[in-house]
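Consider the two complexes below, in which subunit A is the common component and subunit B and subunit C are the respective partners.
Coming up: the complex of A and B.
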C-alpha cells in the first residue's frame, strides 16, 4: 500500500511541552484515519505540520513522495492537502454559494478582475459539492446566518472545492448537538467517498471513531501510543486506561 | 443669512466633497484590505493632477479640442496609479507587510517626501493652470446661483459612479470577492489557496488610481502646485477616520459632511476654514473612536 502522507521521526515542542517526539505516521489512500488522545497531546499540532502552519524541529513529512516541509500553506493546499478548521472559517458577508465560488476560483487560479463571480465556469461543480453535503438549500444565505451543523458541512464543502486528495479535519462535529452528529458525519463521509478523498480527523468521541474510521492512531504525550483498526485499538486495555479513561 | 449664500454653501460643499471622496475612498480601501495607512496616497493625487494638467496643456498647444481632455484625464490617472502605484507595492510595500505599523508609516511617509521632491524636479514650483474642461461644460443655475456644471454635476456624478462601481466590484465580481475574503480573514483566505499577494497588488493600484483620478479631475478647478498632495492626504485621512477606516460607503457621507463643514466655514467663519474638517473628525472620534460607520474591532492605528 502506498502512503499518501508519510511523516517520519517528527519532533516539535512548545516551551517545555513536547507535542511530538519521534512520531512516525502514515496516511494511506482511501483511509479515514482518526487521531485520538488526551487534550494537549499534539493531535492538532500534527494537522498544523501537515498543512504548513508549523515546522517541526526534526523529522520529515512527504506527500506522494515529495517533501512538504518549508512549503507555504497555500502551496500545500495546491498540492492536494486541504483542511477544515475546528471553528469553521467562512467569509461571513458572502452567501454560501459565493463562498464556494471563491474557493473554486482560487483553486482554478482564476483572477479575471471583472468576471461576475456568479458566472465563473466552476459554478456547476461548486453546486454539485453543495448538493453532496446537503447544503444546496442554503446556498443563497449569508454564511453568517447558518446554524452550526450547516456551517460545519459548508466548511467541508469549501475544502472539497479545492479538489484535495486528503482532507484534514479537527473535530468535525464539535459544537454540534449530539442528535445531529451522526447525520452530519454520514453526509460528510459520503461526500468524501464520492469525491474519492482520503481523510484524517482528530476526534474525542469514541462512538464516532468506531463508526467512521477505518484506522485509528492514539496520540499520547507526544508519541503514537498505538495504531490499527478501531476494533483492535479501542479494545486495547492500555488505550482504554489512558485515553478513553473508563 | 440669505438663501443664496446657503445654496452656495451647499454647492461648494458638494463639489469639494466629491473630490475629497475620490481620494479618501482609495485611502480607506487600501487600509481596509492591507492594514497600511499609505501617507504617500496624497502624492498620487498630486501626480494625477500634474499629469492631467500637462497633457491638457499639450492638447491646447496643438489646438486640439478640450473635449479630449476628459478621456485623457482617465488615461493619465490610470497610468500614474498603475505604474507608480504598482512599482511602490511591488518593490517597497511588499517587503514591509509583516513589519510593525510605525515602520510602515515611516516608509510610506518617506515615499511621500521623495515623490514630493520628484514633482518639484519634474514640474518646478510654478503653478499650472488648465481650466478649459471646467469652462467647456458651462454653467448651470441653481436657485438663481450660476455654478460650473463640471463641479456641481460632473464631479458628484463621477463620485457616485465610483461609489456604486466599487461596491458592485467588491460584491459581485470574482476579484472583488477575493479582496473581501482576504480582508475578512487573511489566514482562511490563504488556506483555501487565494493568492493574497495578487489581491494586495490589485487593491493597491485601485487605491492609487482613485487618488490620481481625484487629482486629475481636480486639476481644472484649482492651480496645480507643490503642496497640494500634503493638503489632500491630511484631509482624506480626516474623511477616512471620521467614516471609520475601511468604510467605503461611510467615506462618501463623511466626505460630504466635511465638504459641507468646510464650505460653511468659508462663508460664515472664514478664519476656521482650515480647522473645520479636523474639528469634525475630533468631535466624531471623541464620541465614536471607531468612526461613524466603523465596527468596534481592535485597530492598528
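Coming up: the complex of A and C.
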C-alpha cells in the first residue's frame, strides 16, 4: 500500500505552545482516518500544515510522493486535497447553491466571462452533492442564514464539489442535530467509498469514529500518542484515560 | 426587470430625444461618458473595495486620446478611443498588480496615492502635457469624416450612448458569471476562495483592469467632447466624485451608474444655475438623504417601490445592495 499523504517528523509551536513535535503520519489510499484528541492537542494544526496554510519549523509532507512543503493552499487544493473547516468557511452573502456553483466552476476551470453561473453544466452534480449532505432544502437561502449544523455540511459539500482525491474534515458533524447526524454520515461516507475518495476527519464523538473510521490516530499535546484500528485504539486504557475519559 | 424593461426604455428615450428636442444632448453626452468610471467603481464595490484613485485612469484615457488626436493628421476618433482603452488597460494592470494585495482602507489609500503621483506628473511635465492649462484637443474625424461642431456632437452623443449600453450590459453579464460571483465572494471569504483553488488577488486584478478600462474610456469620451484634458481629470476630487455618484445611484446594480450619473449631473447643472458656487451644498444634502433613508441608492428606491406595488416576483438584490457599502457586516475568513 502506498501512502497518499505522508508526514514525517513535523514540528511547530506557537510562542511556547507546542502544537506538533515529531509527528509522523501516513494516510493511505481509501483510508478513512479519524483524528481524535483533547482540545488544543494540535489536530487542526495538522490539517493546516497538510494544506499549506502553516509551514512547519521541521519535518516534511508529501502528497503522492511529491513534497508539498511551501506550496500554497491554492496549489495543494488543485493537486486534489480539499478541506472542510472546523468553523465553516462560506460566502455568507451568497446563496448555498451559488456557493456550490462557484466551487464547481473553479473545479471545472469554467471562467468564460458571459456564461451565467446558474447555467454551468456542473449544476446538476452540485445539486446532487447538496442532496447527499442533506442541504438541498436550503439551496436558495443565503449562507449566512443557515443554522450552524447546516453550515458545516455546506462547507463539506463545497470541498466535495472539488472532486478531491483526499477530503480533510474538521469535526464534520459538530452542531448537526444528533437525530440526523448518522444518516448524513452514512450517505457521505458511502459516497466517498463509492468514488474512492480518501478521507481524514477530526472527531470528538467516539461512536462516529468506531462507525466510520478504518484507522484512528490519537493526538495529545502535539504528539501522536497511538494509532491503529478503532477496535484496538478505543480499548487502549491510556487512550481511554486521556481522551475519552475527559 | 431592470435589464429587460428599464434599460430598453431608457435607451429608446435616449435614442429619440435628440431628434425630438434640442438642448439636452450636450448634458446627456456627459452623463453617458461619466457613468462609465462610476460603473468601474461599482464593479470593484462588489468585492467590497473602494478606490479613491480612479481618476488616474480617467485622465489616462483623456490624455491618451488627446495625444493621439494631436499626433495624427485629422485625428481619427476610433483610433483615439482604442488607444485610450489600450493605455488604461495597461495602466490598470501596472497599478493593479500592486494594489490588489491590499484591502479596505489600504486599498483605497494606495489608489489615492498613485493617482496623486499621476496628477503631479501631469502638472509638472508642462512641455508634454501642457501643465495645469491642460492639453487642448482638436475636433477629431469620425470614421474619416471631418464634421461641423453640431454634427460632431450629435454623433458623439450616440457613440457615447452606444458604448455605455454595451459596457452596462457587459458588466451585468460578467457579474452574473462564475468569475463575477467569485469577485463578490472576495467580500466575505477569501480563505475559502484560496481553498477552492482560486486566487482572490487574480480575480480582483481582472475586475480592477476592467474598471480601469471603463474609467479610461469615460475619460477619453469626456475629453474629446470638451476638447481638452487637464490635470484636474486625475485629481482626487474627481475620484471622490465617482465614488459619490456610485453611492448616490446604488452600488448593488450596474444601473446605479446610469441613475447616479444622471441625477448628479442634473443637480450640478440646475443647482449651479440657481445657487451658483454652493451647488456642492445641494449635492451634499442629497447624498445625506440617500445614505440615511435609501442606503441602497436610487436603484434601491426603485426596487423598493416595485416591492410596495407587490407586482410580480422580486429580483434578489445582488450582494451589498441592501446595505451602505461602508457598513456591511464583515465575516472575515478565520482559520480554525
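Just so we're on the same page, the second predicted complex is superposed on the first by the 241 of 246 C-alpha atoms of A that agree within 3 Å, B and C clash if a C-alpha of one lies under 4 Å from a C-alpha of the other, contacts with A are read in each partner's own complex, and residues count from 1 in each chain.
Methods note: contacts are C-beta pairs under 8 Å (C-beta built on N, C-alpha and C of every residue); 3 or more make two chains touch, one makes a residue touch a chain.
Computed from a predicted model, the values in this text were never measured in an experiment.
The superposed arrangement places subunit B and subunit C in clashing positions on subunit A.
In the superposition on chain A, contact is made by A:91 with both subunit B and subunit C.
Contacts of A:44 after superposition: subunit C is touched, whereas subunit B is not reached.
When the shared chain is aligned, no partner comes close enough to touch A:198: not subunit B, not subunit C.
Where the contact sets of subunit A with subunit B and with subunit C meet, they give residues 51, 72-74, 77-78, 82-83, 85, 89-94, 98, 101-103, 105-107, 110-118, 120, 158-159, 162.
On the side of subunit A, the complex with subunit C involves touching residues 44, 48, 51, 53, 72-74, 77-78, 82-83, 85-87, 89-94, 98, 101-103, 105-107, 110-118, 120, 144, 158-159, 162, 170.
Note for the complex: subunit A touches subunit B at residues 51, 72-74, 77-78, 82-83, 85, 89-94, 98, 101-103, 105-107, 109-118, 120, 158-159, 161-162.
Interface residues of subunit C, counted against subunit A in their complex, comprise 170, 173-174, 176-182, 184-185, 187-189, 191-192, 194-199, 319-320, 328, 331, 333-336. Only residues 169, 172-178, 180-181, 184-185, 187-195, 198, 202 of subunit B touch subunit A when the two sit together in their complex.
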